[in-house]
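Chain naming follows the written order as A, B, C and D, and within any one chain the residues start at number 1.
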């Protein structure tokens, strides 16, 4: 392929990678800090998308407001869910966590189908982002995709700042590396967990809301994202935000160019990538040596 | 304690599924194996409604016998298909199978139907093999073969002077079969497919493929997607500005039941299908009226397929006065194959392999409707490759 | 792994004489009596059961083999795998592709299915055992997903529609057919034998030094290393054996369904088999079997309109809630319940 | 001073069985253990004492092979075992017990020991043989249980033992692997007086045939049985000598009590609650 095409493909890879990062970062935090494996995380992505769909008529063109409202709702939902459900999982072993969250997926999917049915729905792009610009001689690139990438980047940096600059972030990092130590520091661990979980849900939901206008909303949109996110977390290293970012981008590139060059085998690419990383660094790319 | 549990459980199984005795008199047992949960649930309901509508029009009787329904949710889950179909065949002892939407499931059903010598009418699943290599006298289809709409669109593209085309679809049978049909039709018109693009099902990350299309600059693109994929692909295609320079063609499923979600990005798209909602024939209008009254909802192509499934079955049963005994079997199946179905989509006959020989319509998206434009191919028959019938 | 605690087997009473020590391998009270009785009952069932009921029994029996193979991994070794369906599917594909258009002998198919499933298990094991806990779960899931895509996307296994098994395998000795799986009775008893053999094999395995080493690793791998066990080879061996047995179950499933489909490898299958063993009760072979029965019946119940009316079409909701309630209330599964009942009934010193 | 002079000990009792040179281990920025050299010889109990976080357990973990040292080397029975993984060292005769009791609670005492003994001759492929038929293993198990004074309880399920009993079983399991050297991490933690007595008696009998490293907080006990004492503070050795001279060593007293110290033994014992474990590198607690 010529250079221009190559560059555009890179752009696509980055854009996909960043979106993945938004979902995976929440997942990796929840893993890293609570040590809970949450299969239902994909459902939060779906929740976000459907929130965007449900809220768009209410807020109309107030896109920013819609996002904020969605994030707040999702965070609240996450906070409650942690209190009502996940807080009982910490003492359980991984096996039971897997089964309980697996059951949660079934429940969420059915609730979704009861609430909004099984049809596909589109979500409008805000007018001020609806245009697109010419990209070389090739094609037009919608402004909204640019926005999506930028938004993801902003969130990524914000997240990075929170984790590395604030007291909460300090506790999070400590929690990710050594849970006992945090307890030692006299931190209210339950509250920390609740906040982190709510944050994780909010992140996934935000990703869903940003993606909704691009992907539209449809049944089962969560679980396809989930497994790729697992791969991202494994590659990046549990609990590491930076790792999640790097891994997401890697996956983005492998997926994008896989589709172009080995159409038939493209589905396998990301998993091969994971295998390679496992051979090379079983703890993931960015796992701190503890 | 434990042994009693084990035996109790097995006993439970035993009693729960003891098969009822087969009956020649009494109602005809129709097994509806359709998706009632998950992504295809709405299709399943449409098909069931269509089927029942026709039976009601016949006074609730087929071949002079009452109809008794048995329902199983096939979950669109091929790996469970054999178990699910056996519930109908072996547990409920149905005389006729009606189903389903998902091709993989339908293939397993057809196999079971053949092995247990049960009649089967397929109201949607388009897998070519069902009326091809795996065809059998007792299995007929009221819908289409994946090949048909693709081929028709290929012909249309050829007429429009398309020389270099590309195809995009998911890595799954329905997609690849549809794409093959298109390529075949296009070559008739002197064009050819320069590249097939595909991605894992049910992935929806299309940007890479769109970029590839933009780079190759074909005269046209043919794509097969359904549900969420269809919506997203059409939107992304338009968002990438490709629809301005490179027309996007596809089978009707690309724009059926998805227009509300696709919105502006689908306007003016051309698709081929064996049905169009606004088909202005007395038969279609009557059907739509009756359906709307019966179910307070607008029918779609799936309701039509369900409706016609009942018609084909009725024709067969009529010929033998509802006598399903082995002796009358041949007469029954022959009648089903010979019947000319007066369908809302227009009259059609069945091929030897049991697939409709039907007109393929060219439709154009206007607003939220697929408007009938012209007949793309008249009385198109599936090649039924590999069928011995 | 945080597998400590869940998998505590019932404490054996100390009636044994010195030298005949309490044997954690034989974790089931009553030893072989109960399984043998169950097998006899199953062997007699065809006399009373309708053909459909027989099929259901066969189906459950095959799932039981599958569940037993996973129990060896999760219950006995403490390795929670969320990708076990891959081996089931690979075994099934191996069987179908091996028998081709004209069918093949079981003498050929069984080894093939076992070997290929084991081979993939070896590869996955080598990689995934470099990780532990949450990682291990995710990695096994991911590799199962990879196998899924290979069969679903590529021409390797007939794509998304899968492949049919045109001729069911037979077993011929000196020209005479001794076993023809196309015959319902033959197949029924073949499956029964496989189930019994698998159960016996795993029970034997757990009673052996190898099994005790696995138990030690499950309870406290650190201590085992300190004692001088190189634990990874043990875990790998368990992983491969479990994979091979799952492959055997896959072969039976392919024969039963007369074909294979990539959905067999989907992660929902992996989830369901995990459900089976925890429903029945982790850390007990019987639990795995009971779990297979219970799960199949539970799903039937959730889907039956007769029981739940309109809710039946939303059976996943019911199933999900039931699972949550169950895991929350009975972490040790039905076996645990049985034990509790027994202990209440006859408290032991 | 900071350099422990091994020659003193080697002179006393033949060549060292286990000798570490310049061991160091850093966690991130912090040096848990820094340039520690230590020797163990048969016939000698070498005690390591020190405040919490002095790096005692980290040291044991490096000697047993659970933790790879960032610097230094470990030699055991004439081999350089620095790169050997723990299981290999264990099979070579380097046994250890854990500060936090790590048994197989659901097994019988005998099975606990038999399993440990099995490591020597695993023969895992013979899956048709019941483990309970492992006569050799059982014999070893019963022998070591007797040595540890648990013979009567061979049938009992480990989980039901008293705390002291569990600590004894720990030692028994160590012995079952037929070790030449024993690394004991606070075997007395949380024991009653009379249990402690029994344990000390056991240790003194064992030392005739084993080289023993004893990490302990109970000063009275240490000074009762140790032939040599090494004192660690902040990951470094500040003194290593025979007990009498350690008692009176200024640096040690300052390290423990600040100035104006009476005699260390009583003071330190009072100051350091029994079973108070070092904060660093909890062995047995597996990272997640």
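As a working rule, a contact is a pair of C-beta atoms (placed from the backbone, for glycine too) under 8 Å apart; a residue touches a chain by one contact, two chains touch by 3 or more.
Not measured: the values here are computed from a predicted model.
Between chain A and chain C, the least number of touching-chain steps is 1.
Greatest centre-to-centre distance from chain B is found for D, with centres as Cα means.
Chain closest to the overall centre, judged by the mean of its C-alpha atoms against the mean of all protein C-alpha atoms: C.
Averaging Cα coordinates per chain places chain B and chain C 36 Å apart. Chain C and chain D have CA centres that are 42 Å apart.
Centroids built from CA atoms put chain D at 47 Å from chain A. Annotation: 73 Å between the Cα-based centres of chain B and chain D.
Among all residues of chain D, those that touch two or more other chains are 288. Those residues of chain B in touch with two or more other chains are numbered 37, 41, 171, 200. Multi-chain contact residues of chain A, defined as those touching 2 or more other chains: 35, 110, 113, 264, 266-267. On the chain C side of its complex with chain D, the touching residues are 1-2, 8-9, 11-12, 14, 16, 18-25, 132-134, 204-205, 207-213, 215-216, 219-231, 234, 237. Residues of chain A touching chain B in their complex: 1-2, 5, 8-9, 12-13, 15-16, 110, 113, 117-122, 124, 132, 134, 138-142, 144-145, 214-221, 224, 255-257, 259-260, 263-264, 266-267. Listing the residues of chain B that touch chain A in their complex gives 37-42, 171, 196-200, 202-205, 207-212, 214-215, 227-228, 230-232, 235-236, 239-242, 257-258, 260-263. Partner chain A is touched in their complex by these residues of chain C: 1-6, 74, 80, 82, 127-128, 130-131, 133-135, 137-139, 141-143, 145-146, 149-150, 152-155, 267, 271, 274-275, 278, 282, 314, 316-317, 319-321, 323-324, 327-328, 331. Chain contact summary for the complex, chain C toward chain B: residues 30, 34, 37-38, 41-42, 45, 48-53, 55-57, 59-60, 149, 152-154, 159-162, 164, 256-259, 261, 263-264, 266, 269, 286, 289-290, 293-294, 297, 300, 303, 305, 312-316, 334-335, 338, 341-342.
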